[in-house]
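Letters A, B, C, D and E mark the chains in the order given here, with residues in each chain numbered from 1 onward.
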Amino acid sequence: MIGKIREAAKRMLDDGTVRLFLGYGKNGLGDTVPVFLKHKEDVEALYWDETCRYNLTRYLTDRDVICLEEGPVGVIVKGCDQKSLKVLISEKQVERDEIRIVGVVCSGMKDDNEEILSKCGTCDSWNPDETFCDIVIGQTVERKIEEDEYSDVEEVEALDPAQREKLWGKYFDRCLRCYACRNVCPLCYCKECILEQNDPEWVPPSASKENNFYFHIIRAYHLTGRCTDCGECERACPVGIPLRTINRKMIKAVKDGFDFVAGKDPEARSPLTRFRRDDREDFIT
Amino acid sequence: MNKRVLVIGGGIGGVQAGLDLAGMGIKVTLVEEKPNIGGRMAQLDKTFPTNDCSTCILSPKLLELASSPDVDIYTCASVEGIVKTEDGFVARIKKRARFVDEKKCTACGLCAQKCPVKVPDPFNKNITMSKCIRIPYAQAVPAVYMIDREHCLRLLEGKCGVCEKVCPAGAIDYEQQDEIKELSVGAVIVATGAEEFTPRIRPEYGYGIYENVVTSIEYERFLSASGPTNGHIVRPSDQKEPKRVAFIQCVGSRDVASGELGYCSSFCCMQATKDAVVTCEHGPNIRSTIFYIDIRAYGKDFDRFVDRAKTEHGVEYKRSRISGIIESPDTKNLVVRYITPDGALKDEEFDLVVLSVGLRMPDGLGGLLEGIGVKLDAYGFCRSGAFSPGDTGVDGVYVCGTVTGPMDIPETVVSASAAASLAARGLVSPDREPLGKAADRKEPDTSGSPIAVGVVVCRCGTNIASVVDVPSVVEYAASIPNVTFSEELLYACSQDSIRHIINKIREHGLNRVVVASCSPRTHEALFQKGLEQAGLNKYLLQMTNIRDQCSWVHRDTPDRATEKAKELVRMAVGKARHLTPLHERYSDVKKDCLVIGGGLAGMMAALDVADNGFVVHLIEQESFLGGNLLKIKSLLTGEDVASAVERIVKRVLEHPKIELFLNTDIAGIEGYVGNFTTKLLTGDRETSVEHGAVIVATGAREHVTESYGYRTDPYVVTGREFETILEKKNPLLKYVKRIAMIQCVDSREGERNYCSRVCCSQAVKNILRLKERYPEKTVYVLYRDMRTYGLREPYYTAARETGALFLRYDASRKPVVEKIEQGSFIIDVFDKILQETVRLPVQLLVLGVGIDPLDTNDRVAKMLKVPLTQDGFFSEAHVKLRPVDFSTEGVFVCGMAHGPKHTDESIAQALAAAARALTILTRDRIRSQAYSASVDEALCTGCGTCAEVCAYGAIEIDKEKARVNELLCKGCGTCTAACFSGAIDLSGFTNKQIVKEFEELFI
Amino acid sequence: MEKKLKIVGFLCNWCSYAGADLAGVSRFQYPADIRVIRVPCSGRVNPLFILKCFQEGADGVLVSGCHPGDCHYQEGNYYTRRRMMMLKDLFCFFGIDKRRFHISWVSASEGKKWADVVTAVVEDVGAALRGSEKQ
Amino acid sequence: MSFGEKTVLGKDELFRILKSISEGCEIIGPVMEDGKPYFRPVEGVEDVAWDFDTTVNGIKEFFFPRRSVLYEQTNDGIRPFDPETDKKRIVLFSRPCDARALTITDRLFMGENQDRVYGALRANTVVVGLSCEKAGPHCFCLSVGGSPFGTEGMDVSITAVGDDEYVLDMVTDRGKAFFGNRGRKADSKRLQEFETLKKRAEESVERTMRIPKDLPSAFESDYWKEVSAACLKCGVCTYLCPTCHCFDIVDEGFYRVRCWDTCSFDTFSRMASGEDPRKDKYMRYRQRVYHKFSYYKENFGVYGCVGCGRCTKHCPVKTDIVEIVSSVDEKGMP
Amino acid sequence: MKDSLVPDPARIEDIRNETPDVVTLRLVFEDRGKMETFSFRAGQFVELSVPKAGESTFCIASAPSDRGYIECSVKKVGRVTEAVHMLEPGGIVGIRGPYGNFFPIEAMKGGNVLFIGGGIGLVPLRSLIREVLSARSDFKRLSVVYGARSERDLVYKDELDEWRTRGDMEVVLALDPGGEMEDWKGEVGYVPSVLEKRTIETKDCTAVTCGPPVMIKRVLGVLDGMGFCSSQVYTTLEMKMKCGIGKCGRCNIGPLYVCKDGPVFTYERIKEFTEEIF
């Protein structure tokens, strides 16, 4: 696998198909890190294993690192990352022909305790979409997909409002407002986040439980109908806030309310930019 | 051709005609006998059926007219004579001296304060005293004082001269003389109006004898917050609040006995209902009773208004004939003696009696009109033919308003617009020179000045001030940071107030203005204009609504209403601080007009626009023109319909400016005022037309009933079918001896709780035609109220005289028809007079079924983005003063699409809609609104979310940035709420402005 | 109502604001706890406004627009409906009392309905606050 | 601070003592939350974990809170908010690196223009440290002047010496005053054992940071662009860092609030005019490194780093400051 | 204990509009004693705060010799400054300070002083100029080169006139190309270019400059070219600051804290960190 990835990267960098290649490498501690390769000689730095959890599509909109206008960029995507990429394309942040997509078949990523990530269990796209990627590396995996029951979401929904407020209060009290969740999110590509604007200031920057409530509502709302549950936010959170549960709440709401799942179609826009005349009305006073 | 039009009369009719003409770029001279324009409407308290404040809705129009550069207003003036010339007329205008220089007077009121001579105040119907130098009322336009020459000591005796001494403006001029001016004009519109009947000639009502008997117009003044009692209802004899108020209807109207006033005055039923409701609102203990013959609630939503008066306000309606009113000398209470429908004589005591007086033509007008060949009818009205409303028979002279017969405000406005369109012929053309645009005003740059907010708190007479503690709001406003000036005004919308505000803006260097008064929806434009005149950008105004949404709805908690008003003011200031000057954009006007519907209204509108020289695209779904009219044979007034229709259709077909699309549907309408593109579908062929305005004349249809066995029995027919039977001399008539006409079938109840307006007249017409030929036949008319309003009343009288039997029934006890066999029925109906059920054997049932809106209205409404009423008819922008406009600019309505109406009314409306459309088509460019989305490119990621939600296609993504086409942007702001980055914002309603507005609430 | 509430109402200009005006014209009485912000269309109501209101201390928020199909701007209220549906869902999920946030459709002809809506909202918000005080 | 002052206690006894001296105090100590150790205010000594890996947070936030209201701006003027210092506080089981970090931030906050909030919280808090028996995989305290057995910043140091026994070291007079004379005097055997453990602990520190002698020379090197490429510009490293002290002062309504801020953020040094002297990611990353390893040393004589390794451990993309700083000489010099 | 982060309330005695987006506030501490003991040197700054908006850094625009009040000139650029622009006379603001170092006026004595300012950058120079003028005889030749985008963007117009007409100093005013109206009598050109065209005696001359970063950068270059030694040239730098007392960690340029070690620097001192300044 890794050989093929290196080979693909090398070829692209060599023939000038891409001027930069985004992949996974290792740091001195042996931890997996994102790497940005400019020369074909560097491809030995590429690695592939079940710790390649990062969603590299996040860097496609990182204006400090990549300027897509300057030439095509190669990127390794897993099936799940590919969904983010489709949203990025639908939202005109990435043009399909500005990138070369190296899809890599994934058989589930593992956390630091060597356990398969929960998102991978219900993942329906271990095999990247061949029609979407430029190359797909790896043997197609056949497996039974576990039905996503949203049990995490339902567990919270089963609580009464006061318990829910207490539960989230506990987590948001912990939140440092380090913005790792936002900054790691491939869909948080705004040039200046609304949270950083101070005139008007939508949420004070200080980390208090109350302020953090509003911060997390805004984060979740802005991802509504867009989030593909790549889980990066939860992974990045240093204080263990179950951010995926929040995102998945909205994914479920969007699925139930608008019969929409984000990340399937690079043409599809968020359901909040669409409507049906007979949308639900039961919440209207 | 002389391009000036003379409008005689400055009531709402004259004002509307003047506005429309000016809107078409035609110069107007308006002559008004009184010292102010506004006419009778200015004296009214509220208007039915919405209870809008009369002054509030009228004032903006008056100001608009007065500030139009194309309009000269002569007040205190009269037209002494008109002479026809080769290209128009020459009018001799007498301008009576005011003895006050109009240009100098600032209406400060010092003169009246110091004037020693007290005289009865004519504006308040002489109820109160005024001074010899006076202004009719606070909001009067023009706001100029006048000396009453009949009482002035200086003028009469050379003494006094106080006013001259105190006038700071040096405006008093005792030497002023009456002037005669000769004016050449191209056309004349007569809008002189009628006057109210003087009940003195009916002594049995005791008017002028008993103190506590007043006329309806006097009563309006009592109700008015700006009236003699500041809106407190008191009776004249003891200034105490009456507990029982009686309204006597038809005083001077429908009065065959007195000879001349055999007609109905049209509006009094509703006026009394409104006054009764307002009376009840004044106090929980006041009871209102209306004595009436028929309740003529024939207009849009009138029946619902009457229902509400009964059920919500407890207004009592007593059908009766009044035999007399007697005063109890000690209490000055009044005993109304009346005869009930069953013939009983009853007495009932009241504290106050209001006589609903009708309209009559004043003497003396005839001379002027007849001088140029205009014929008047027996009542002195200048009646036009049913197919030519507004026409006087003399080319170039047109009439509108109550001078043509009694009518209410919207009909007056319609007739005025119609007259304007007639008068405009030959004076406008699609390719005329652009009219002199008002020179682009240089606004001073206030961007560097510190924020200086002026706060004006309106008392609205007592409308606000009786609930909200206005002085404390003013005081509070002064304490808000950046407020450098605050004050209260009695009526912020009056012309003197506007001028006052302008002065204060200049004096205090204000650069933001907050007006706490009524709804910005109705008054924003007025105050904006004031700001403009003061040299400020008009978007530096922020209004807040402390009346409709505060004082009126928190009557019982004045403290909290006051607190709310303060917070609303603070919020408004919060937003005002962040207002920035905005500027409108311009777009070219496409000169064609689209008329939807080839019925009578559509054809007439099309002809009128085309006659004025503009191309019309006339769309009709059917393969023929004429609509409902094809099924009508003759009119109540006798005109032959068939020949008239033939004439009209021929004209349409032959008109070079009319492009006719038969068998054509509208597939879609895009664009905006001045700039529409409509896709037409004729069979499979799709065409598209571009146009600047749209007139909706889609019409309506006869109701299809399932009541009384209609459709199952050939002897059950509708009124319209009966008309054909009569016309065709159907053999059926030979067999039928006894005919029953049942009115209000399926109408005025349940879902169809509206009056179809035409059915009573249709019944009367059918009776007259029937009896003409078959006087022997028995006719029963089972009715709820006979609504032969206005000049239709004499026909009703005539129908009664034919021997037809009129039996009234209640909605709760409808006639019950028993079918014996085909062509034989027994009707059980409760006779109110006999107080028992009578059985009527008849052979033919004629049903007054009324009119339904079209099912397709909904589709058309959606395409045009215009609303429908609850009944499904098109809903105009304002029931009183914008009767053919929609809120959506550039779209107009006429005919039965708007609601049921008679032929002449449809035509008048068609002409009115044409006139309104012409006010757009005659312009070369129109201004679009200033509120528009704009993009902060530094923040924009080009994601296109905004473009996705824009309904107008106004946003496109160009080079990774969103770009807004300001001409397409309607300023809804949906994009701004969709943007995650806060990159797109809406001027006038920016994120920051809105946040700053509500933030003030939490300080 | 013993406790004075601060409820912010975002009303579209064409329907709900007009409806609120009509309530005034018709003199339908309702509690004085609402403060209205006029916006062109309910579609203008940035969900952030609602959050900001709560954050600043609003007891309740009401967003009111034209009935579906009646939007003066064709479809602004349809987007509003979706946005507010999601936002309200999110509030619920986080345990924020949903009685503090209301969405209504009030047309220009529904003066009575406006008065009823405000009365109901004031009631609901009051109940929500009493509930949280108890806790 | 001499050998002679060390005493020895059994675990139960130590627990009892801790329990009794913390009576009436606010207790801050390590607890497990959702499987991870954090320093949190706790109800009682019994809630505190005795054996725990490097906590997610340090003890910084109890002296330099994430958010503190400085004062309220009322119509009548300015009403300063006092930190709640009426209650004594005790921090239990601070690791040496975290305690040492206090001595580093003390230099900034307690020097000229002493910080009122920090000063007050520092004054009312006794820090009881717990030596590290074994370093974690990310630790490199020895490279920056610390030690797993260090006592800097502590008032009392506790070291487990096996057999459920603990060596107590009264580091400061305050610690002594607070604890009193407790336990048996440590005998030489125990002291020797202590030294052995200390050596073993120090040897367990696997990582070494080689801090370049002349960091300023590398300032304009492209190296910073390369090493910061993957950085997410989030605040994980700085917010979890025991020595990072940057803050913002903002108004929340009428409250003036001091809250954490970090040089990683886009807005950190951006001025209202839009000018930003450190507008690119690499500049801010470089600022972080230089602040810690050059400027702080220059200004305060110590590195702004205690080698706890949290920044590497918790970095969502595993940016390793040890590697980056250590490689400057090799890769980063112009 | 007095909290360094808690300001002293000061009342706005007067507000003057300098340009469409610059106002000058005259401030007097509410506490009289504070006013009397408040002393500062030209070049120092204060932290000025407005309730509900926040705190920002402003150079003191008045001179130490102006007793009984201090003045700050504020350009509208963001939330705090907009709030400042909304203030009215009588309003209360918070003041902390004075902070930072100052222009070494003593060292300038006996020599020539060249002031080079751009836009709002004249503010700290004004303080210094007023101070210098209050002891005019201690200095030799005084020259001011000051430029702005357009005539209306020149701050302290009245004072500029006064300086120009007093006869013992040279004042050169320049407008950016395109910003001049027909009746403009001064120079047209960007400040560095205008400066470059002049002949200036560098001996015994101290040059002091403040303005937008790009202007400062070019002016420093021009002065260099003219033969000024980098220790003869002073500039005062703007950086985002929060605390003003060297703690919040954002205003450093290299190891130097602009708030503590600056804002006044010799060119010599900051030379190596120019990447972080301009």
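Everything below uses one rule, namely that a contact is a pair of C-beta atoms (placed from the backbone, for glycine too) under 8 Å apart; a residue touches a chain by one contact, two chains touch by 3 or more.
Small disclaimer: the values here were computed from a predicted structure and weren't measured.
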Touching both chain A and chain D (chains): E
Path length in the contact graph (chain C to chain E, fewest steps): 2
Reference chain D; chain at largest CA-centroid distance: B
Core chain by centroid distance, with centroids computed from Cα atoms only: C
Chain pair showing more contacts of the two, A-C and B-E: A-C
Chain centre separation in whole Å, for chain E relative to chain D (CA means): 40
Chain C-chain D separation of Cα centroids, rounded to whole Å: 48
Intercentroid distance (Cα basis), chain B paired with chain A, Å: 60
Residues of chain B touching at least two other chains: 949, 978, 991, 995, 1002
Where chain C touches two or more other chains, by residue: 47-48, 52, 56, 69, 75, 79, 83
Multi-partner residues of chain E (at least 2 other chains): 78-79
Which chain pairs touch, all of them: A-B, A-C, A-D, A-E, B-C, B-E, D-E
Chain D residues touching chain E - in the complex, by the definition given at the top: 70-71, 73, 77-78, 80, 108-109, 112-117, 119, 216, 219-220, 245-251, 253-254, 256, 258, 261, 263, 268-275, 277-278, 283, 287, 290-291, 294-295, 298-299
Touching residues (chain side chain A, partner chain B) in the complex: 91-93, 189-194, 197, 199-200, 222, 269-270, 272-274
Residues on chain A engaged by chain E in the complex (per definition of touch): 198-199, 201
Chain E to chain D touching residues, read off their complex: 1-7, 9, 30, 49, 51-56, 77-81, 92, 94, 213, 238-240, 242-243, 245-255, 272-273, 275-277
Chain C partner contacts - residues on chain A that touch it in the complex: 156-157, 159, 161-169, 194, 200, 202-203, 210-211, 213-214, 216-218, 220-221, 224-225, 246, 249-250, 253-254, 257-258, 271-277, 279-281, 283-285
